[in-house]
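Next up is a structure, given as structure tokens.
The first chain written gets the first letter, and so on, giving A, B, C, D, E and F; residue counts start at 1 in each chain.
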Amino acid sequence: MSTAPISRFTVPALSELPEDIRSRIEAVAERSGFVPNVFLALAHRPDEFRAFFAHHDALMEKDSGLTKAEREMIVVATSSANDCHYCVIAHGAILRVRAKNPLISDQIAVNYRKADLTERQLAMLDYALKVCLDAGRIDDADFEALRGHGFSADDIWDIGAISAFFAMSNRLANMTSMRPNDEFYSLGR
Amino acid sequence: MSTAPISRFTVPALSELPEDIRSRIEAVAERSGFVPNVFLALAHRPDEFRAFFAHHDALMEKDSGLTKAEREMIVVATSSANDCHYCVIAHGAILRVRAKNPLISDQIAVNYRKADLTERQLAMLDYALKVCLDAGRIDDADFEALRGHGFSADDIWDIGAISAFFAMSNRLANMTSMRPNDEFYSLGR
Amino acid sequence: MSTAPISRFTVPALSELPEDIRSRIEAVAERSGFVPNVFLALAHRPDEFRAFFAHHDALMEKDSGLTKAEREMIVVATSSANDCHYCVIAHGAILRVRAKNPLISDQIAVNYRKADLTERQLAMLDYALKVCLDAGRIDDADFEALRGHGFSADDIWDIGAISAFFAMSNRLANMTSMRPNDEFYSLGR
Amino acid sequence: MSTAPISRFTVPALSELPEDIRSRIEAVAERSGFVPNVFLALAHRPDEFRAFFAHHDALMEKDSGLTKAEREMIVVATSSANDCHYCVIAHGAILRVRAKNPLISDQIAVNYRKADLTERQLAMLDYALKVCLDAGRIDDADFEALRGHGFSADDIWDIGAISAFFAMSNRLANMTSMRPNDEFYSLGR
Amino acid sequence: MSTAPISRFTVPALSELPEDIRSRIEAVAERSGFVPNVFLALAHRPDEFRAFFAHHDALMEKDSGLTKAEREMIVVATSSANDCHYCVIAHGAILRVRAKNPLISDQIAVNYRKADLTERQLAMLDYALKVCLDAGRIDDADFEALRGHGFSADDIWDIGAISAFFAMSNRLANMTSMRPNDEFYSLGR
Amino acid sequence: MSTAPISRFTVPALSELPEDIRSRIEAVAERSGFVPNVFLALAHRPDEFRAFFAHHDALMEKDSGLTKAEREMIVVATSSANDCHYCVIAHGAILRVRAKNPLISDQIAVNYRKADLTERQLAMLDYALKVCLDAGRIDDADFEALRGHGFSADDIWDIGAISAFFAMSNRLANMTSMRPNDEFYSLGR
């Protein structure tokens, strides 16, 4: 197990954390068997931590026209475009588990255009990548393409909002040199 | 006053909104004299709205080693790099007010390298732009440069976290074609 | 009023200038109430000054199928793509005056695709930006698109020639760190 | 001899041209043995033609701290970066003649960094290319590097102004699909 | 096991192949337990197949100042920069096996700058990526940096030649949509 | 005749080379009147030399649906995109000879889109450049476009495989600073 630092910034001990944050982290640890490093790396800023995870859960955990696996596809594809270690490796693990597919995360991380996806999923990722890399050029044609694949206005918001949220998350992970837990690499393979 | 739509997505009436969101918006309107469109454009998703503004306030309103004007400089410079109408124009107005300088926002929006800034502020914006555009290459040399200008670890977090937050915000504004209120254009000139 | 230098290079006194250049500058000053810095920054090279302004006037002042406001739109959009302080701020002022629209220049400077423009004006700026950024790929399809919006061959020349002229002008302004006069920032708002 | 059109736009007959333009073209033809197509392609706009060539001559023909061959090196290097047929091929010919070197133009057109140049000439082209491609980032360090190679302020202006002038010229040639005369290809080899 | 096609082009049956090619493939199958798809995808062009694998083996199998794991690091890093499914996934497997490290391939594929590497290995990959992405700007400073880490002229050739060879290989894999065998994904984890 | 080094790496004397390599080089010298420097620059690695030229000949010398001139067009266009001195200048010479056209190589090297080519040849080069610069995005539409111009599957392989081979070759030439022989510049003009 690596002993390399998990962040360039302060990582507080669990015992020092506000009660609500500590219990949230303990609940994750119980469910996963380990504490994903993102919880520790953001904990030194409790208000930002609370807003970040509230936002994350509002997008990733609620009911949606996108399956949870599809939402993780967006995370892996955009995080790869942003060269983000933590998010590609951690969310690659979650995607393998959610999609029950041991190949899909590596395929999407390298080049989603060649991955084993439906046309609808490809259109979803094309739009997510445009939000990620070239949002200033989004126009009506993008929305028409998505509607042509049956995505509702709420679905289109979700695709874009997940891409936008991880635009933030990838930058936080890269600026902290956030290290993914070793456990993620083999999960779901 | 323009009657163009303020977002591609649903904009609920104030009267339909949850109480906490409605009263937050009314407080802003009372203070500013108008409701900035970002509050209306995000309101159809109450949980995301709450997390977004909690995160915003945690970064932009609290005490920090960066002045409020400096924090707005980061917003204007990175939002310009992302071609984001709403954020350049709305935060350009806020920056003019906070810096008591009618020229600074236009200067930073066009090319912050030629703006009337101190060397320390230039270093701050160089780092903010690297987080914005090339976060995967952030390395020790970036941190040394910032420390050489007297920035603390907390300051460096703030610069990066503001740039990261607006990486999200710019993408939300671009995907919604969020329209800045006409009032912003002349504020603080 | 700023006392920062207006150019990295020599700025001659008005009294040292050849008669034709001095009287041209005095005429501008009388009309505008101040001497735009570009006249001073180019004056140390009288032959280049004369050719530059003769070329400018041949494109920007004559009768044309494009309104004067439309011609200034081309200048603002391409100068923004070139990160040129002087031209975005000075021609932004002229555009506000010519279009009698206090919002249009900031909109075009940030992202002309989201500005309050007609489809015809958007097509004009798409072509101007292609001349600005990727002229080696101009082909028949570009001309067909413009003709589809009713532009004549002379109009198409004008759009491209203005974009080309400011490709030069923006580079001169950036290499001299030419400073826009403070007066421009508020003109026409 | 090719019969392909030399421009997408109107090419007037010599006999239709204003006297000053016709005699300028005839003088060139007498000296060169042929009429370079740029004179014909710009002639339908007499005022722009006069300003363009006055500007050209002010930069390329006068006495300068740069040799005429060095000035043509700037033209070939920047025109190649702009994918400009007319200027690479026509000015490549002029450079071979002026430098009395049959290899230098092809070397600079493909990759000036590998061409048979002095360190001083490389520094000149590095700056010319920065003006060509990234003028918004020109800063003090660029000027120091040039002064370190003995360039005066006037020389630095000339390098940048030539690069800026051909930024315009390349775009005019590309937008017209200006065709280089067949004679240029073999001149000076 | 996937039944998707392994190439856009003809994939001959083993029995149809020239004897030397068939026996080479059978030897690989015996050693690995399966036939890596690259052998099948290139087999329809026997002369190109022979040259390709002779070149591959001359670089990857011989004795060298670089370990076999280090050579595979170069393949994974450059193939990721080229978005090449086959090479990232197949050589990622080989790298895990050769380095006896289940994490290293995913780390390098996402962002080698954040991977668990020595300074010397980082310098090796910096150069390999420059050969991959920007070879026209390689200069003396690159060679000095490598020599500073103890690389010999032969080592520097090897780094660059491996990067160059996989520049070809990645393009062949991408143009054929070459599919990595499912076995590679889990090998060495 | 230049006496500059032809490579950054070891260039063995002909007499030191293995018999098969020496006689191959002597045959070329007899046919061409000089030894192209690529043969000398690669000779210090005999196994790589043999594979490289076997691969080259399999693509460039065999019968194919593409003429030899068309194959050289691919080399010149992609080598120009890679800023490769040796390949643009040496293969530019070969293309002039094979096409019996003294203008075509310079035209393609500067901007193949403006060269005197058929629509079919332009489609061939568009695909070759996509393999060269953006192979990860090759998709069905590219193949349909080529088939629409009458290219067979074997032709499409040849276009892509030549582009891929010179992706390697250009990188080897750039990393060695391989110098084209002076003879190439004037050949076929």
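FYI, contacts are C-beta pairs under 8 Å (C-beta built on N, C-alpha and C of every residue); 3 or more make two chains touch, one makes a residue touch a chain.
Here the structure is a predicted model, which is why all the values come from computation and not from measurement.
Undergrad: Farthest from subunit C by Cα centre, which chain is it? Let me know.
TA: It is E.
Undergrad: Of the other chains, whose C-alpha centre is the longest way from the centre of subunit B?
TA: Most remote chain from subunit B, centroid-wise, comes out as F.
Undergrad: Between 0 and 180 degrees, and as a multiple of 5, what angle does the rotation take that fits subunit D onto subunit E by Cα atoms?
TA: Rotation angle, to the nearest 5: 120 degrees.
Undergrad: If you average the CA atoms of subunit A and of subunit F, how many Å lie between those two points?
TA: 44
Undergrad: Rounded to a whole Å, what is the gap between the Cα centroids of subunit C and subunit D?
TA: Once rounded, the distance between the two centres reads 23 Å.
Undergrad: If you average the CA atoms of subunit A and of subunit D, how many Å lie between those two points?
TA: The answer is 51 Å.
Undergrad: Hey, what residues on subunit A touch two or more of the other chains?
TA: Those would be 83-84, 111, 114, 136-137, 177.
Undergrad: Just say which it is for the chain contacts: an open line, a closed ring, a star, complete, or other.
TA: Basically it's none of the tidy shapes, so other.
Undergrad: Which chain pairs here would you call touching?
TA: The set of touching chain pairs is A-B, A-C, A-E, A-F, B-C, B-D, B-E, C-D, C-F, D-E, D-F, E-F.
Undergrad: Which of the residues in subunit C come into contact with subunit D in the complex?
TA: 8-10, 45, 47-48, 50-52, 54-55, 58-59, 62, 82-84, 131-132, 135-138, 143, 153, 157, 160-161, 163-165, 167-172, 174-175, 177
Undergrad: Which residues, counting only subunit C, touch subunit A once they are in their complex?
TA: Those residues of subunit C that touch subunit A are 111, 113-114.
Undergrad: With touch defined as at the start, can you tell me which subunit F residues reach subunit A in the complex?
TA: Subunit F reaches subunit A through residues 136-137, 139.
Undergrad: Provide the residue numbers of subunit C that touch subunit B in the complex, in ascending order.
TA: Residues 2, 4, 80, 83-85, 88-89, 92, 102-103, 106-107, 109-111, 114, 116, 177, 182, 185-186, 189.
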